[in-house]
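Below, each structure is written out as structure tokens.
Across the two complexes that follow, chain A remains constant while its partner is chain B and subsequently chain C.
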Partner chain A sequence: MNDLLKIENLYINFRTLWGVAKVLNGINLTIKEGEIFGLVGETGCGKSVTASTILRLLPSNAEVSGKVLFKGENLLEKSEEEMRKIRGKEISIIFQDPMTSLNPLFKIRDQMVDVITLHNNLSKEEAEKRAKDLLEKVGLPDPERVLNSYPHELSGGMRQRVMIAMALSSNPSLLIADEPTTALDVTIQKQILKLILELKETYGFSVLFITHDLGVVAELCDRVGVMYAGNIVEIAPTEELFENPLHPYTQGLLSVVPDPRYKKKLKPLRGSVPSLLNPPTGCRFHPRCDYAGDLCKKEKPELIEYSPDHFVACHLYGGNSE
Partner chain B sequence: MIRVEHLKKYFPIKHGIIRKKTMWLKAVDDVSFEIQKGETFGLVGESGSGKSTLGRTILRLYEPTSGKIYFGDVEITSLTKAELKKMRPKMQMIYQDPYSSLNPRLTVFDIIAEPLKEHGYKNPKERVLELLEAVGLSEEHAKKYPDELSGGQCQRIAIARALALNPEFIVLDEPTSALDVSVQAQVLNLLETLQKELELTYLFISHDLGVVRYLANRVGVMYLGKLVEMGNIDQVFETPKHPYTKMLLDSIPIPDPKLRSLRLQKTVLRGEIPSPLNPPAGCRFNTRCPYAKEICKKEEPQLVEVEKNHFVMCHFAEEM
Partner chain C sequence: MRKEEYIKILFRNKLSVIGLSIILLLVFVAIFAPFLAPYPEQAKGEPNLKERLQPPSWKHPFGTDHMGRDIFSRVIYGARTSLLIGFSVVSIALVIGLFLGLIAGYFGGKFDLLIMRITDIFLAFPPLLLALLIASTLGRGLMNAILALAISWWPWYTRLVRGMAISVKNRPYVEAAKAMGVADWKIMIRHILPNSVSPLIVQATMDIGSAILEAAALSFLGLGVQPPTPDWGLMISEGKNYFLNYWWYPVFPGLAIFVTVIAFNLLGDAIREVIDPRLRRRFL
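Let's turn to the complex of A and B:
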């Protein structure tokens, strides 16, 4: 499989009133064509910032360095004009709360026709036909009724389906899904996950799936990247990651996920996520790590390929650059 | 310890031009169950199923529409306000969002001392420090304000405040839903330790079935205001008898990628939870149930005991 998106040495700092927040600390990752790549981590680890960087939607107080290569071209060097042709056309995004991504004042019909005509050379009638077609594909059996509705008249699950239909309207090659099912009930979540999987099979796009839920990762993703405090600490195929987690943080994370199948003993990690205004030196996980040594306090471990396709950034596995 | 009999809570919804027509939202509709001393009763269901309303009504934070609630031997639905206030220390509540349930203008010390002063403690300092220690915090946290603390620490403060007056029964309404998994595990372990040490009884409300499996001894499943299945945690999770419970369990993501292909073939629960303003006739689940027959649309099933202590509200419970 070819690489669709390649992030190289990406650093992001936010200048704030309280100092500089170092939110991404040199991350590297690759998304292949046609795969679902899961990005998992706790609040504030930098998963959503990564998504915003890909789409160049960062606020003006952000300082960016590194490369985001999409189909070989660096998105960070594109003009705003060029980006507008990529956003929504080549790369689409769906968010956690579809209510805030849809305009409450307009009917779904107007919003969908707008999006479709923006990226495709179609008349209003053709766009409407396309919209109906898309709504049927995302499992909304009565598209005419949906088109005539305002967002508040639809349920959360239906709104998320509308968002997916809009995101797919110009056949993107990358769909970024930022916690798309977090606001939904489990039975609806399952419907949406299944839908994303089916649509991916049909259209062949890649998915960057951002979530805090390891259960969802296990159900959906081909490969997973684990983030902690602005670093990617481990990347592996999903089964490999769950069976053979290498990084102490990944191991800790897997041991605190409750399992509905049995009463599992939870072994919580001590402490909590550090502030990014003043992150720990060296490996940012070292204050919470049971294996931390002197090297971990001084030097940031690099992401290395420990075994085929399994990457880890930890000094336990020889992650220092020497 | 807690006995609930035929509890109903209906909310009036006024509509029409002059707001004269009243519809009734049946948030809790004829629910009966018991919680034994020292156990954790888990209450699960999707949003809008009535689980939070049930929790609040049991504490009389909402006035029940009808039905009886016994706390030990005392029937609390008929108590006057003053009598109820005397009972309050024994029953406490912990909410989902620790930031909005703590007063941002009080220090941690004052937050925990408030119920103590209200109930006649002259010098609460020693007790506050004792409570902070019990929830894994220290004296230095006492001077801080809630916005200086993390979500997990705030939830510990809320727990300390709930414990201040030595309660016997605590309603926990999604206490870890706003927390990250690593912090959630810390809080769950704390709740478990406190329960053992202080012989507490919990009503644990959650939409997360993994968390319920971890903490609860018995569990009740709610759907549109009705308790549709109830039993020991292992019975309900391992041999669910109600079609809704089965599908709910099939919908939860399992943190094991090897099961994925197997699970994807399972049927997805179709449709969405209907509006509680206008619930379906007959069995309330019949519109989404793959096994629904004629009788399900007409007749409401009763809660029947299918095996010891395992109750199911389904016409075909025996065949499931």
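Let's turn to the complex of A and C:
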């Protein structure tokens, strides 16, 4: 499979009133064509910032360096005009909160037609027909009724389906799903995940799936990247990651997933997430790591391929310049 | 909420109904002034010196002025002038305010800084004083009065729109629109503007009343509408010299202004009540 998106050495700093927040600390990742890549991590570890960077939607106080290669072209060097043609057409995003992602004042029809005509050279009637098709594809049985509704007349699950339909309206090659199920009921969550999987099979786009829910990752993703405090600490195929986690943080994460079959006590990670204004030196995880040594305090570990397709950034697994 | 429900809320409050009725009546009177005024020629300024300063009677319900003109007819024609001033001042101020406020609020940064500092300069002057200054620079007349008032009025709208734009631009659907590749100007028109329009409607409605009042003040001070145009402010100004002996001359135009301004304020309150559920009085 070819690489669709390649992020190389991406650093992002936010200038804030309290100092410079080092939000992304040189991340590297690749999303292949037709795969679902999961990005997991705690709140504030940089998952959503990564998504915003790909679409170049960062606030103006962000400083960016590195490369975001999409189909071989660096998105960070594109003009605003060129980016506008990529957003929604080549790369689409669906957001966490479907309740507020639609403009409350317009009917679904107007909003969908707007988006469809934006990137496709279609008349209003053709766009409406397209909208109906899309709504049917995302499993809304009465598209005409949905088109005539205002957002508040639809349930959360229906709205998220509408958002997905809008995101797919121009056949994007990459769909970024930024915690698309977090705000939904568990049963609806399951339906939406299934839908994304089916649509991916039909249309063949790639998905960058951002979540903090390891259960969702296990169910959906082909490969997973684990983020901690602005770093990618481990990337592996999903099964491999769950069976053979290498990084102490990943191991910690997996050990706190409750298993209803056994009544065992969960072993939480000690300490808490560091402030990005003043992150720990060396490996950002070292203050919470049981295995941390002197090297971890001094030097940032690089992401290395420990076994085929399994990458880890940890001094335990060597591969450092020393 | 459906339209019928809005209308129901509007009609539940008696004061709203009164305000709305008065305004509809005023608009009606202004449109059909030539048919309603008993002496249209006198209203436009033709003197009738035989009947100078007559008290109110069946022939002249509001009496006559120092040139014998029927004050009732002139008050009716004055509604035209006043509504014209009220609506045009607010429309001009609103258009400027919308344009600058949206740019300042949505883009922020340097645009915001520049536009808001200019706005501050205008806001530093007492509004009537600024209008006086501009009117005296531009010269007398109806159009110049409108322009002067509009120029002293737009900063309020700019601030209001900017505030709304800032609060709306961070809502997820704006971000979603951006992520779908919608251009900035389209986001402003489709998303920011419609979602920030409700406080504007309230403000604009009330301001029509205030603009009429300030235009009257300009006319009173001799900088607004010039004789023989029928204008309430001007009539009060001319009538003040006769007030002690011929009370009806300034009183009826004054009442007209009073009632008009109150009506627009009542309507503004009513609209606010309809738009903002928190302000709704449940029992009335």
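Basically, the second predicted complex is superposed on the first by the 316 of 322 C-alpha atoms of A that agree within 3 Å, B and C clash if a C-alpha of one lies under 4 Å from a C-alpha of the other, contacts with A are read in each partner's own complex, and residues count from 1 in each chain.
Heads up, the rule we're going with is that a contact is a pair of C-beta atoms (placed from the backbone, for glycine too) under 8 Å apart; a residue touches a chain by one contact, two chains touch by 3 or more.
This structure is a prediction, so every number in the text was calculated from the model and none was measured.
Student: With the two structures overlaid on chain A, would chain B and chain C clash, or do they fit side by side?
Tutor: They fit side by side.
Student: Quick check on the superposed pair: does A:D133 touch chain B, chain C, both, or neither? Answer first, second, both or neither.
Tutor: Once the two structures are laid over each other on A, A:D133 reaches no partner at all.
Student: For A:E144, decide between first (touching chain B), second (touching chain C), both and neither.
Tutor: Touch partners of A:E144: none, neither chain B nor chain C.
Student: Looking at A:E305, would you say it contacts chain B, chain C, both, or neither? Reply first, second, both or neither.
Tutor: In the superposition, A:E305 touches no partner, neither chain B nor chain C.
Student: Taking the superposition on A as described, I'd like to know which of chain B and chain C A:E63 touches: first, second, both or neither.
Tutor: In the superposition, A:E63 touches no partner, neither chain B nor chain C.
Student: Among the partners chain B and chain C, which is in contact with a greater number of residues of chain A?
Tutor: Of chain B and chain C, B contacts more residues of chain A.
Student: With the two structures laid over each other on chain A, which partner does A:E153 touch: chain B (first), chain C (second), both, or neither?
Tutor: After superposing on A, A:E153 lies clear of both chain B and chain C.
Student: Write the angle, vertex at the C-alpha centre of chain A, between the C-alpha centres of chain B and chain C, to the nearest 10 degrees.
Tutor: Given the fit on chain A C-alpha atoms, the answer is 80 degrees.
Student: In the superposed arrangement, which partner chain does A:Y262 touch: chain B (first), chain C (second), both, or neither?
Tutor: After superposition on chain A, A:Y262 lies in contact with chain B alone.
Student: After the two structures are laid over each other on chain A, how near do the C-alpha atoms of chain B and chain C get, in Å?
Tutor: 7
Student: Could you list, by residue number, the parts of chain C that touch chain A in their complex?
Tutor: 108-109, 171-173, 175-183, 190-191, 194-195
Student: Quick check: in the complex, which residue numbers of chain A touch chain C?
Tutor: Residues 55, 57, 60, 83-89, 92-93, 95, 97, 100-106, 114-115, 118-119, 163, 166-167.
Student: Could you please specify the touching residues of chain A with respect to chain B in the complex?
Tutor: The contact residues of chain A facing chain B are 42-43, 155, 157-158, 185-191, 193-194, 197, 212-219, 238-239, 242, 252-254, 256-264, 266-269, 272-273.
Student: Provide the residue numbers of chain B that touch chain A in the complex, in ascending order.
Tutor: These residues of chain B touch chain A: 46-47, 150, 152, 180-186, 188-189, 207-214, 233, 237, 247-260, 263-264, 268-270, 272-273.
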